[in-house]
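Have a look at these structures, which come just after this line.
Heads up, the next two complexes both have chain A, just with different partners, chain B and then chain C.
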Partner chain A sequence: MVSANVSGDLSSEMEVDAFRRLFPLRYHERFLLDSIRPDARPLGRARDTSLALGAVASADGSALAKIGCTTMLAAVKMEVMTPPKESPDEGSIAIEFYMPPICSPLVRPGRPAEEAPVVSKQLSDTILRHVNVVTSFSGMINLKELSLVSGKAAWMAYLDIYCLDADGSLFDAALLAAVAAFSHLRIPVVSLNEEGRVVVVSEENEEGKSEKEPVNKGKRKLTLSSLPFSLTCILHKNYILADPTAEEESIMETLVTVVLDSSGQLVSLYKPGGPVLAYASAVQDCIALTRQRVKELKSILNEAISDMEVD
Partner chain B sequence: MSMEIGRDDGRTANQLRPLACSRNILNRAHGSASWSQGDTKVLAAVYGPKAGTKKNENPEKACIEVVWKPKTGQIGKPEKEYEVILKRTLKSICLLNINPNTTTSIIIQVVSDDGALLPCAINAACAALVDAAIPLKHLAVAICCCLTESGYVILDPTKVEEQKMKAFAYLVFPNSAISIIPEGSSHMEGELMEHGIITSVTHGVMSVDDYLHCLERGQAASTKMSAFLRRSLQSQAPNDSSRAG
Partner chain C sequence: MEFVSPEGLRLDGRRPMEMRQIRGEIGAVAKADGSAFFEMGNTKVIAAVYGPREVENRSQQISDQALVRCEYTMANFSTGDRMRKPKGDRRSTEISLVIRQTMEACILTHLMPRSQIDIFVQVLQADGGTRSACINAATLALADAGIPMRDLVTSCSAGYLNSTPLLDLNYVEDSAGGPDVTVGILPKLDKVTLLQMDAKLPMDIFENVMQLAIEGCKAIANYIREVLLENTKQLEYRRGP
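After this line comes the complex of A and B, so read on.
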């Protein structure tokens, strides 16, 4: 696996690992010439993805998503709050993305990762999207479903996503974990107590509480319209590599993240600079790769949901 | 296409707001520029190259850092996101091998925000880099295209228009008279270098065809903006203070 170089420099006598560290770009290009990558994946294939719902028992909804080595843990907790006056029959969602030092040697307590606020903002933009003035709703979750008593009580959903292992494609894994956590979400049953406040009905004391009628007994799950799924690709010369690892991301710096929803609409096409320019043909290819990936991810999510319902 | 889209300020779908660019407005900065599109105005200042790079950066190349100052309020996640987008966009237009182990700081101050803020900031930063004589591969022009409910693409929206849109996209295109084309780049027959996108940030849901339509409109408008940028950068001598502000 050592590159036979015409100039006959050190590379002909070096070990593979040393060559990989010293000349990373040449190491990867040697594989790209054969349309393959160091982990034996063809250029358009994503890493093995797995999803486990209900990973956090104390949360109302949770999921653990793994794409290759990148691991994300998402948990949703619901709290009752008073809705603001401008939108009395809407709940609200707060999304936060954390990159604790466990995830990568580059993150230390005094040195927060640069990507964390960016991924956090991208996630809120994708899941909430902006509710514009003309159409009252555009997004995965209809905030009106989170309302309990109009003007007095509504749900506040706190979505926290923790990155446990950062090995490239952070946004893809985080979005998958968030979507899965919302799919797994079971809204707690609440009722009005004597003072007119909304309290959570606990499962144990079921006897003789006839005056405490549950307010939302029938509605325990959110209806999610058009789930978004994403794929990050790297553009390098003429190649398009799907689902990069952290090593590939640091060497070939041009990333394109395409988010499509299940009806095929483009939710976001994010290309933050990078030395390689994206022409319309490259954009089309990335979108085609993402379409394929959306099908794979949908089937993985459906399988995980049906596994959970069997239990 | 002769659809009458009634925009509030009477512009047509493809018409940009009046552009104004001034260079060398700050005395202490090594380079500075202000760029305004209609009522959106952004001031950019460049300090550099300064010695040394930050801890995790590659010392064999020059390093760029961006600080984004909003008009009011504290710095939060949207500002951090803008900083990262700007940093990566400007990194791709600078020649990083010329001054290794140096840091160039770009400070963006929002003076007023009336829609299309990020493209305005990118244009201001590019002009400021030219004013500071930082070596660049080519220039960059940024434009905002948005999609109305009825499916038309309009350019350069005001804030009020932006809020009514179904979706919008900020696109940045390269701009050069003579440029350094990287070897082996996917330069296909019939695709000019000016048609490749450096950066794209979208908000809102649109179909793939709408996005490609936005790309075409953006490419067409970027030639107009490029011409304006080159004219205004050439016509101002470095110590010309008559155009300040």
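After this line comes the complex of A and C, so read on.
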């Protein structure tokens, strides 16, 4: 594969792996000229995605999402709390994103990853702000569903997302895992105990406590409307690469993340600087790629949910 | 409370000398130099090994040996109630130290001077025996990373409840207040590298319980050897003729 190269051609004299490490940008550009990437993907295609619901048996809702090698484990645990005075009919959601040192050689104990708080904030903004949009109920979760006894008890849902393997597109995988975990969530049954406090009823106690009237019936799911899905793209010169790996992210730094909901409406658009300045047409192209990706992700999520239901 | 029924069955239906179902898989984390996923019943842990690589803190560099570091963390959702402080608390620090010292004893550190080997263990689900599961996972991960070791290190716990020695305690049995003996051995060399016990136990009964735990460790060692052999066969097959 010796082609004429502009600057003194070392590429014919060294091995592919060494060339990849020493001149990463030139290595990738060689592939981009043929509209393909080192792992044989066309520019607009995302990596193989898979979802498994119910990965954590001890949590009320959980999901394991894998996009290529990037692996995220999300789990939701529900606790009862007293709602604040300003919103006595609403529960609340707390989202945390962790990148433990197992996920990447760049994360060391005592030196946490730079991306962790960024992704954490992005997730909070996307899921929580997408919760209640002024008057029309067009958010993902209606916080009023999380209320138990108005003014006295409501659910606090703790969503913890752990990155088990960081290979690019962390936000996409984390959002997918979060949405899947909420789809899998079953709200536990609670009842009022003698002191008037709301207590979770565990399944073994059900026969003995007939005086305790359950406050909510049976394990129900949350009604989720307009689930958000996202796609991260990288802009490099006039190429748009969808779903970058960690290697591609580190050499071509301009990222654009588009979040669309399942009805095709734009939830958020995120382009945090970067060396490439994009025209509106590039952004339109990213949105078009995201639209396709949303269809794929929706079908993957529905398949995972129906697999769960069969069991 | 009865932990062993008159018919000789434990709370989860096992016999006293029966270990939980174990499962180990290599290569759980693609980005790591070596990684493994290990399950003992409902206790699930992931271990990742990075190294040998350059020492992060020059002042800690050892000129004739590799520096071994270990960090043990539990996921927030790993226990029944959500944990508030999964990392810096005393128990995690103690277990990190125990795992580090156990693995350091069997890694041939003098072959990799001035470098650092990081072992990270993440508990995804905890149901008793997390220490042992972490050591077993770390062994698999170190083998996957190709780090030279004297021998495999395997670990198992045993206890004594209702006058019966029990192998591989789960969380309920562990919190019953009886003694809990954790043993880590080098199976081929037949040496003990880790031995921990809390609560009181008469000496002769202790011998029995420790022997039981060592049997458990040997069984796990056989399983781990099978997993490693299978993995090597796969690698050879993929490499082609």
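One rule holds for everything that comes next: the second predicted complex is superposed on the first by the 293 of 311 C-alpha atoms of A that agree within 3 Å, B and C clash if a C-alpha of one lies under 4 Å from a C-alpha of the other, contacts with A are read in each partner's own complex, and residues count from 1 in each chain.
Convention: contacts are C-beta pairs under 8 Å (C-beta built on N, C-alpha and C of every residue); 3 or more make two chains touch, one makes a residue touch a chain.
All values reported here derive from a predicted model rather than from experimental measurement.
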| item | value |
| --- | --- |
| Overlay on chain A: chain C relative to chain B, clash or fit | fit |
| Which of chain B and chain C A:Pro100 touches, first, second, both or neither | second |
| Touching partner for A:Lys271 - first (chain B), second (chain C), both, neither | first |
| Chain B or chain C, by number of chain A residues touched | B |
| First (chain B), second (chain C), both or neither touched by A:Tyr158 | second |
| First (chain B), second (chain C), both or neither touched by A:Pro117 | first |
| First, second, both or neither for A:Val283, with chain B first and chain C second | first |
| Which of chain B and chain C A:Ala174 touches, first, second, both or neither | neither |
| Partner chain in contact with A:Cys233 - chain B first, chain C second, else both or neither | neither |
| Chain B, chain C and vertex chain A (Cα centres) - angle in steps of 10° | 120 |
| Chain B and chain C, minimum CA distance [Å, superposed model] | 10 |
| Intersection of chain A interface sets (partners chain B, chain C) | 111 |
| Chain C residues touching chain A - in the complex, by the definition given at the top | 28-33, 35, 42, 46-48, 50, 53, 56, 69, 71, 73, 75-80, 82, 118, 120-122, 124-125 |
| Residues of chain B touching chain A in the complex | 55-56, 77-78, 80-81, 84-85, 87-92, 149, 163-166, 169, 172, 174, 182, 184-186, 188, 191, 193, 195-208, 210-212, 215 |
| Chain B contact footprint on chain A (complex, rising order) | 106, 111, 114-115, 117-118, 120-122, 125, 129-130, 132-135, 138, 237-238, 253-254, 261, 264-284, 287 |
| Interfacial residue positions of chain A with respect to chain C in the complex | 56-59, 62, 69, 71, 73, 75, 77, 79, 96, 100-105, 108-109, 111, 158, 160, 162, 164-167, 246 |
